[in-house]
Amino acid sequence: MEISELSPEPKQSYPHEALVTWYSNVRKRTTDICRPLKTEDYVVQPAIFVSPAKWHLGHTSWFFEAFILEKSLPNYEAFYPSYAFVFNSYYNAMGSRVLRSDRGNLSRPTTHEVYQYRDHVDRHMKLLLEAVELSEELVDLLTIGLNHEQQHQELMLTDIKYILGSNPLLPAYDETTSLVHQTNFSSGFISIDEGVYAIGASGDGFAYDNEFGAHKVFLHQFEIAKSLVTNADYIEFIEAGGYENSDLWLDEGWSWVQENGYKAPIYWFKEEKNWFHYTLNGYIAVRPDDQLAHISYYEAAAFAEWKGMRLPTEFEWEVASSQLDWGTRWEWTNSAYLPYPGYVRPAGAVGEYNGKFMINQMVLRGASTASAEGHSRHTYRNFFHPDLRWQVTGIRLVKK
Amino acid sequence: MEISELSPEPKQSYPHEALVTWYSNVRKRTTDICRPLKTEDYVVQPAIFVSPAKWHLGHTSWFFEAFILEKSLPNYEAFYPSYAFVFNSYYNAMGSRVLRSDRGNLSRPTTHEVYQYRDHVDRHMKLLLEAVELSEELVDLLTIGLNHEQQHQELMLTDIKYILGSNPLLPAYDETTSLVHQTNFSSGFISIDEGVYAIGASGDGFAYDNEFGAHKVFLHQFEIAKSLVTNADYIEFIEAGGYENSDLWLDEGWSWVQENGYKAPIYWFKEEKNWFHYTLNGYIAVRPDDQLAHISYYEAAAFAEWKGMRLPTEFEWEVASSQLDWGTRWEWTNSAYLPYPGYVRPAGAVGEYNGKFMINQMVLRGASTASAEGHSRHTYRNFFHPDLRWQVTGIRLVKK
Amino acid sequence: MEISELSPEPKQSYPHEALVTWYSNVRKRTTDICRPLKTEDYVVQPAIFVSPAKWHLGHTSWFFEAFILEKSLPNYEAFYPSYAFVFNSYYNAMGSRVLRSDRGNLSRPTTHEVYQYRDHVDRHMKLLLEAVELSEELVDLLTIGLNHEQQHQELMLTDIKYILGSNPLLPAYDETTSLVHQTNFSSGFISIDEGVYAIGASGDGFAYDNEFGAHKVFLHQFEIAKSLVTNADYIEFIEAGGYENSDLWLDEGWSWVQENGYKAPIYWFKEEKNWFHYTLNGYIAVRPDDQLAHISYYEAAAFAEWKGMRLPTEFEWEVASSQLDWGTRWEWTNSAYLPYPGYVRPAGAVGEYNGKFMINQMVLRGASTASAEGHSRHTYRNFFHPDLRWQVTGIRLVKK
Amino acid sequence: MEISELSPEPKQSYPHEALVTWYSNVRKRTTDICRPLKTEDYVVQPAIFVSPAKWHLGHTSWFFEAFILEKSLPNYEAFYPSYAFVFNSYYNAMGSRVLRSDRGNLSRPTTHEVYQYRDHVDRHMKLLLEAVELSEELVDLLTIGLNHEQQHQELMLTDIKYILGSNPLLPAYDETTSLVHQTNFSSGFISIDEGVYAIGASGDGFAYDNEFGAHKVFLHQFEIAKSLVTNADYIEFIEAGGYENSDLWLDEGWSWVQENGYKAPIYWFKEEKNWFHYTLNGYIAVRPDDQLAHISYYEAAAFAEWKGMRLPTEFEWEVASSQLDWGTRWEWTNSAYLPYPGYVRPAGAVGEYNGKFMINQMVLRGASTASAEGHSRHTYRNFFHPDLRWQVTGIRLVKK
């Protein structure tokens, strides 16, 4: 997910100190995530949708440099002008850039140099944040920059998992971070009545532009599971021939299964009769009661079909969410990622765009074990193409 | 569009004669469409989304053979058993089939043999339709088969246009069939009030499975154009640099423009300062007042962005449709093709599936100059991938 | 093989009548080859290396129009100027052209129109040939044009076999033309002494530019088989696991086998324990004593390796040829297609080029059952990429 | 070039000490080459034909482990058994392996771990080499292993150049290593008489299997340049429109130019009217008198065509070589890489194979500035596909 965003309305004024602390804490978490990495782990890009940790570190710093420091800090000098070319992600308005597929081909700047770049940006950001007058616009940009960085923290964790998990040596990341060992607390279904409901962000607290355009939807009555599908549930689907039965799959999903020869979720391996998977703790047995993770929309939809149920729409999810156990898996919905009524693309490069990704992607709701604090509100809209499964995604069912 | 379908509820009983007439009329229109073709025009497949006319002729006949005659006509013998392999489109449940990309690689069966096959099927279908007892299920299958054939008639016309229009000699199809010479009758916008509205097919008359699951939606107030965008409007967009301005495009749309080097709609050519296009009448000047045709969703969305407006959702369109001029262009909506609440995939091969195409496609509403009679109801849902533009597609705008 | 050519030295003067007869005979054989075809068979192109018969008919006529009539027949008017674009094969100097991969996407000109085009060219060629003065250069161009057409006759036969042989209905071409029913007359090996030998065309009679640069080579003593490998020999190789043993294959050959899943020569099918193949007479049992046909260089090289032998070089073949039985299979040699010493690319478009294909192709010597009369001289150099196998190719072995 | 090899005849016995010194010197040069690298430079693979330095370090060590230590050192334990999977290059007989295209996707083993692996192998190799009895076979394998490592040293240098030279920051490798600053010492042409000449390795000293099969060839008289083409010569070709003139190019070369948009050799950039290029010393002006480097066979052949000359055959080169200045550029010949008469593929995995690469590659003769000592003999046959240009390749002309 590459997202930029504009909060639509004025923020309350922050004391300088609080801003500096907030900034420092968010920035620190990024480097904390990298602590267990070897230098080489910062560099590689085994799939187009993965970015090297080195790139994430540079890109999140470039964001503050390009959108804040160069415009608002007098006499600021870019750490190294060519970095704008290296670390721009997709902002056409900000000039040309390294092809996404080439991010893993760059040995330079080195990890050390990227850390120096971060330090340079951090020192100047603190100078700026301690200055007397912080305009509302600047606080807005800061807010966006920090939320942006937190989104990249989530991507870093899942990208690192992909990098280590596709290595034939299957090395562990560390012994304590487990993205997948969560079990359900609840069971059963809850019923939501037919009616007109309010959807979207109300303006209290930060939200991305794609959450605004608060509006009303009509929902028919529905029953939604309180808990998520477990590994045991999904193993049943596999053992029942789920990956061999074209009837269960969307047509493009079936092609995806056949062309890739998939037989199970990513990271899963069958040894004799038992299932194992790669986790950030290393290669271990699949725990039946854990919530299923790392499945594509195609797999989620096929599983639901097999169960005779369906996925919720994003609106059903949002309305029901206050009564659900959620927050550990991004949950695929059966809603395409499209603008809310009244959505307007923000102007300028920083707003380039949630809007421009609103095609061929499906909405996920909830939050995952990899999500940063504050990224788990009821209105949050995540989105990915239906074939992707390296995020910590799961399945919640609705009765037909 | 490859669609099979099940009408969800019993049809009234038809007299034999009416059925025979209906069957004959629909079947005849298919061969009428082919009349201007040379034998060679029946054979080629210049793009994966195009099928040769020969294949359409065979496939629509195979449908009646496979789903009706082989099951319901005692002692029926297939005209040539291998044809099932050649003319199956995508029904996994009906056995293996020629790859879609290979349809244009087949010189046999010849066009003449395919016509013989049609005659064989028609003779036996008439035998069946004149038999004493026609079960409700059979009438349902017949209804589907004839609607299916009418959908293929529309595809045949647009496929033929693509076949002739991508030939360097740009040969005309005939002198009377014009798919694109329609002008608007109305102008201005109409306003629809906020409220809860009924959507979907009610069960009177035939409808596809994807129209059922009649349900309610809440709509905010909106203003929708009575008329469609014209060639003159679109030329303005082109001349204003629409195809060079990344800000206007969805990200995947921009890649599509750049990779293909597109500068105008399909079939359009600029000679000095004037625009020409290929039509079924031949190569002629673009008429400014005609309704724009043959654009992709990407182009429709970029144009709307440039105008500071947006496309309607399929629900807005359906609610407003009784007050709009429509029926000459399929109109791109800003709704993804997804199931209605309560949608259930029909069982069995004949119901393979609207449902399985419900991903990565956008809904079109209305009907086009290529549509068969009876394919222009308010609830009809057409759908295509956002990059396709060989259908007679157009743009209707909604104010932001 | 797309070859143009210049005979390097003056031809003796021909009487007009002889030229007209020669021209007529060659042109007639082309249309004779097409006689068993249905109109649809003229159109399709199931592989990039295949051209539709319609294209061959047009291209060979265009050759006479573009290189002779337009330059030498006063007031000649092109039959239809756009045909130059449609029927140019690869002559950069003659203007732009239809992409090779699009030849099968063209329904127009129709077969009938192409025959009219041939008639138009033939009428004017006869006018020209009956005129008083025929320059030496013109006779040279005529000679080239007719040899060129004969090469296309061979390609037409093998392209037609590919078109019908890849159709799921496996239709026969006719009952009398068999390209593959030849048995060996000889057996054993002959020994050729070490020495310096003359290679290449001497200038008596027509030869392509790539045969000139007559020169000397030194050969070490070698022993070469008088006969060709048979189907029975090759079945032994298959049954011994030849297609599963990477040791026998060139590295790129092994990739080719694995990526395509090949297990046998093209057109071969195993039913239970017996081998069948598609021939121009239809689908029949493989005859063990027939000479093997339709194998790639990769397969030829792997078979030779398995036998503990090798393929001859083109020089060994040429020196030994007077003592060999040959003329039914093009025989893969272990020589790359490269210029002879002293080779000079002919100037002008007609000489575009044997020379430009002299990379990544292997030389074949001999002639095949599909070759036209006069295309089986000792110095003739045919050439194809090592993965191609739709020609009537075979294997002759040399002892290591 | 990935080559394994067998010297065809017994080596004289070496004293232990000499072997240890030889081994140590060769192994040390590999790590010397890596000294200027940052850790990140060891990891990336920006093109399929490039391998990461880390992989070269591991692969050359694995060679000694797999072919010598595991077979000949009693009780040897592999450093880490999975490394066999990671560091096998293409030896089918040695088990499965990481896809070549995935070498740059592996962050583990780390560079440090690979150096530990090298140390482990070196310690045990020294143990072995100091043991009492060294069989002739073992000395042969050692000889191959060291020559193999030297070939990888050359690849490492050119791979590193590619890695740094395709980085947008264009970082220098070091200040002293220049692969391209060589000028010619001679000028003019020498003439070689027609005659029968001996070709190939005689058996004195090490040679690869592909050099054996010493044999005789007949050469016609020819004149060959003593010096190599310079940058100034090649700039003339560029400025004369060499890259825009299809007449000069092989057909596949012309496609290569057009599809890639090439306008100059790799690493070259034009700024206004001046040419610059990336070298291992950094980004500098092209020196006109330096020998041209880094061109593909396609470019070499087009240049020769433009000069009205040709490339030498590998036989001409070998016969003339004692009178030429050579050793700084691998020189493209107009000979395809094919076996010499009498060539036999060595048995077993270590001999997998020069032979199996003998298709679709062209021979280069000479040696380059990147070549290790001892890799510049008159009979040495290097070979690459005609589109590759990251080696230090050059052009020597022969008169037509």
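Residue numbering begins at 1 within each chain, and the chains themselves are lettered A, B, C and D in the order written.
The criterion applied here is as follows: a contact is a pair of C-beta atoms (placed from the backbone, for glycine too) under 8 Å apart; a residue touches a chain by one contact, two chains touch by 3 or more.
Keep in mind that this is a model prediction, so the values were computed, not measured.
> How many links in the shortest chain of touching chains run from chain A to chain C?
2
> What is the set of chains touching both chain C and chain D?
none
> Rounded to the nearest 5 degrees, what is the angle of the rotation relating the C-alpha atoms of chain A to those of chain D?
Chain A sits rotated relative to chain D by 180 degrees.
> Hey, how far is the Cα centre of chain B from the one of chain C, in Å?
Here chain B and chain C have centroids separated by 45 Å.
> Quick one: report the Å distance separating chain A from chain B, using the average Cα coordinate of each chain.
37
> Determine the centre-to-centre distance between chain B and chain D, using the mean Cα coordinates as centres, and give it in whole Å.
Centre separation, chain B to chain D: 58 Å.
> In the complex of these two chains, what residues of chain A are touching chain D?
It comes out as residues 38-46, 54, 82, 85-86, 98, 102, 104-111, 163-164, 166-169, 171.
> Which residues of chain A touch chain B in their complex?
For chain A paired with chain B, touching residues are 90, 92-93, 196, 215-218, 220, 222, 246-247, 249-254, 297-298, 301, 305, 310, 334-336, 338-339, 341-342, 344-345, 352-353, 356-360, 362, 386, 400.
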